[in-house]
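To keep things clear, I will list the structure first and then write my remarks on it.
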Amino acid sequence: MNIQDEKFAEFEKLSNEEKVKYFQRNGHLFDMIISQQLNRQVIDDLFKITNQVRTIAKSKTGSIFLQGLLRHKRAMLYFTQPSSRTFLSFENACHILGMRTSEIRDSRVSSEIKGESFDDSLRTFSSYTDLIIMRHHEPNRAERAAWLLNSYSDRAVPVINGGSGADQHPTQAILDIYTLLRSFEYQGGLEHKTILMCGDLKRGRTVRSLSYLMKNFEGVKVIYAAPPEFQMRSDVIEFLERHKIPCTIEDKNLLNVLPKADAIYMTRIQDEHDKVSGESGKTDISNFKIGKEDMNKVKPNAIILHPFPRRDEIDVAVDSDPRAMYWHQERNGMWARAGLIAYIFNVHGEIMDY
Amino acid sequence: MNIQDEKFAEFEKLSNEEKVKYFQRNGHLFDMIISQQLNRQVIDDLFKITNQVRTIAKSKTGSIFLQGLLRHKRAMLYFTQPSSRTFLSFENACHILGMRTSEIRDSRVSSEIKGESFDDSLRTFSSYTDLIIMRHHEPNRAERAAWLLNSYSDRAVPVINGGSGADQHPTQAILDIYTLLRSFEYQGGLEHKTILMCGDLKRGRTVRSLSYLMKNFEGVKVIYAAPPEFQMRSDVIEFLERHKIPCTIEDKNLLNVLPKADAIYMTRIQDEHDKVSGESGKTDISNFKIGKEDMNKVKPNAIILHPFPRRDEIDVAVDSDPRAMYWHQERNGMWARAGLIAYIFNVHGEIMDY
Amino acid sequence: MNIQDEKFAEFEKLSNEEKVKYFQRNGHLFDMIISQQLNRQVIDDLFKITNQVRTIAKSKTGSIFLQGLLRHKRAMLYFTQPSSRTFLSFENACHILGMRTSEIRDSRVSSEIKGESFDDSLRTFSSYTDLIIMRHHEPNRAERAAWLLNSYSDRAVPVINGGSGADQHPTQAILDIYTLLRSFEYQGGLEHKTILMCGDLKRGRTVRSLSYLMKNFEGVKVIYAAPPEFQMRSDVIEFLERHKIPCTIEDKNLLNVLPKADAIYMTRIQDEHDKVSGESGKTDISNFKIGKEDMNKVKPNAIILHPFPRRDEIDVAVDSDPRAMYWHQERNGMWARAGLIAYIFNVHGEIMDY
């Protein structure tokens, strides 16, 4: 343990609420590290900015305006885990705003193989660029990066967490909530809707984040559909109870609850987190999938979401159904990330005034 | 087989002529997938546009004009096979036109390793970018990609085939024909010229494509020089007969036919397609190479081409001969691809008016 | 040996002074290959240009001006060895000047695996781009590249050596000397200062280059601190003697000489160059490190440098000391490389006039 390890151990003991302040500057979002930073105000701001960005981008003139906003800034994408969706949506979000990008996607090409510490690598990235977007296979690495750079005031560039270990993936939460808000914009908002989550609820970080965010919306009901082996863990259930969010557990068959949902959030089995290889394959998940024929049980105005990649939880024959919102959701990821970056760099005023 | 596999199987049964229509929009080239799309009109259009692009690019002002044409567009380069030439020429062609680029050149960094289907990966790329340029180790993958995206009207972005399996590599055909047309521009055109192709004619996709394209030019004669083991396959020979293109087979020694040719297209042995490893090495190819001393047998106005990479088919001492056109041909690849992209995005009018 | 190998063997026999001329155009720096090119005039020019680039870049307007200088140019980064610092600082230097970049950082994705020669690969890069920046694991590769392209007048694009084998790394020398000059700008310049170098002096290319450059500055004294196993080789010692640069050898303990130094240049053990694996680990280097408590022995105006990556030669607790200049030095690498590229492309006049 060097002196930085000791100081960071102190920081890690802070509550999430105290950490949230640490990731701000002058009361404004600076780093995007944990989904606890997403209070109702931030969610609503990002929703408006993102809507405006996508509207402006429809024309060539608008696109060029957007590219002018951050054309003097450079971003670093540091991804030590395989990713195409998160990586590409971030990179294109940067390009939409005119940023130039550098990348390390393969740790074999970096100086870490010469024995450089994580801290030194991150300070190096911050020496050359104005924003670090990172995904790391170890937990709390994005938190460490943001904490580290904030402790050096001369090169404190913002850090955005693109997934850190099995825990936090806040920009996925942003795009999920954005898609829900946009889908229900002319149906009275997300308030009083029933959100059904299905799949590997135990290990999926997206369903956990989404569950936490529900406290921001009055009258929301939650249904968890999964075999007992994959059901939502007790910490989230207790969180919902504490915030008086009604919650139903369905562990026999998705079809039993499908007709009740306004939004159906499907997820794949996260078998890369199996403790024993092949463990997940022993559980029967055949009752927790959606086929074309199941769509007649779904409400006519409901929406189907999926964070991707998918396997066979949703048959591709469902893709052509207008309620299948997951491809729009995926594209929303790019817009929502562009909105977030604009917000962090304080150019959202120019966007809203356009 | 899911529903998409079934539909695609139907599509694959279509003739090339019917497929050609499918890769158009309003009668204009949209995807560039198979070399059958290269009719005389398209060839001539691309020739003029490409010439104009390279002229404009000579000045800084012109370069900046070109960069303005597609600066609001973003391209995806998806290459699952090693490539430096095709990759770099496409990437720089995009940059010439002002596009931003994203890339996946190593499948280990993508979501396919998490079990994502090819179709879902491609739709993902189309969610974030405006053009997909791809090379794939499996046959028909570019065709599948174009077909897939065209079936979803909301995100049908054009697909350009940068090489798919051992079959099609249409942009190589474009740059080859461009180089021939440009070289013979002040020698009466490609009509009535004798084109000699030498090397691995059996498995080389470039010589096959080039042979098919010869039907567009009146009076062309073809010579195939290769050991019997590497001679051109009968399907192409029959094609030439059908189109009344005279064709000579030389299987002893390149020098026997070298003096007759106006264009000499050399190729390397494609041993990566050996069924038994090392198989190609058993054939004596020493009579099918060009050394410095052989150049006095070549016509004074003839040109030597090679699609690269080369091994020792052409001695480097030949490079300094003015008839060695292969380095120009390589650079033409970038200009021709820029011309193609401009054509697909319908900005060639602005280019021609400059 | 082909004809090019033979010609290059002739070239390699030239003295460094003769080579320096070969890397010029009209008396001006064209390629940056060997540190012998860095005479006092070039060092002073680069210092002024670099200072001006970083001043201009402070504002958005200035950044946009800089991006306009080379926005019509494209650079290729070809790195066959792991590198994050050199790679990223070069890439961002290109972006600062508005260049677009292409990269090959993994030889498995390039055509060399299909048997292409180094020469052909390099000519390919020069076909598509306007500048080649390269790091190679073999010695003299950058020299070969520059020599090769200069021999083809039609596509002679400049080559910058980002590290070639264990020998030359001239842009590291540029950024080191830039940092020294900048640090002593208001302390009477680098003249008459005492430069202490510590660590793996035997195999470190940075300390060797830096030693050579000292001949440009009057009255400089040099101290080498390292265990006997890692002491500076006799060729450099003799060079210093020839140029009458006083030199002290310390092989017991860094602390014996620490109080005498105006600049302390620390380096790590280069164990990737061990002939027998683990060889370096047998030497006790514990007396050649700097901890927080050692800083009270360092002069109040002295500076600590390190080319990075570091291991434990400098305790991270030293980072917060104002004399720790190594993070500034790292960032200077980007500015100095931007200055160099501007100089090579002859746009430094516009920069100085801004």
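Letters A, B and C mark the chains in the order given here, with residues in each chain numbered from 1 onward.
Please note the rule applied: a residue touches a chain if its C-beta (ideal position, glycine included) is under 8 Å from a C-beta of that chain, and two chains touch if they have at least 3 such contacts.
Quick caveat, the model's predicted, so the values are computed rather than measured.
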Copy pair chain B, chain C: interface residue numbering same or different (half cut):
different
Given a C-alpha superposition of chain A onto chain C, how large is the rotation in degrees, taken in steps of 5?
120
Chain B and chain C, separation of their C-alpha mean positions in angstrom:
41
Among the residues of chain B, which are close enough to touch at least two other chains?
106
Touch list for chain B against partner chain C, complex:
60, 63-64, 67, 79, 82-85, 87-89, 91-92, 95, 105-106, 268, 272, 308-311, 315-317, 327, 330-331, 333-334
Sites on chain A touched by chain C in the complex
2-4, 71-72, 74, 76, 100, 102, 104, 106, 108-116, 119-121, 123-125, 127-129, 152, 155
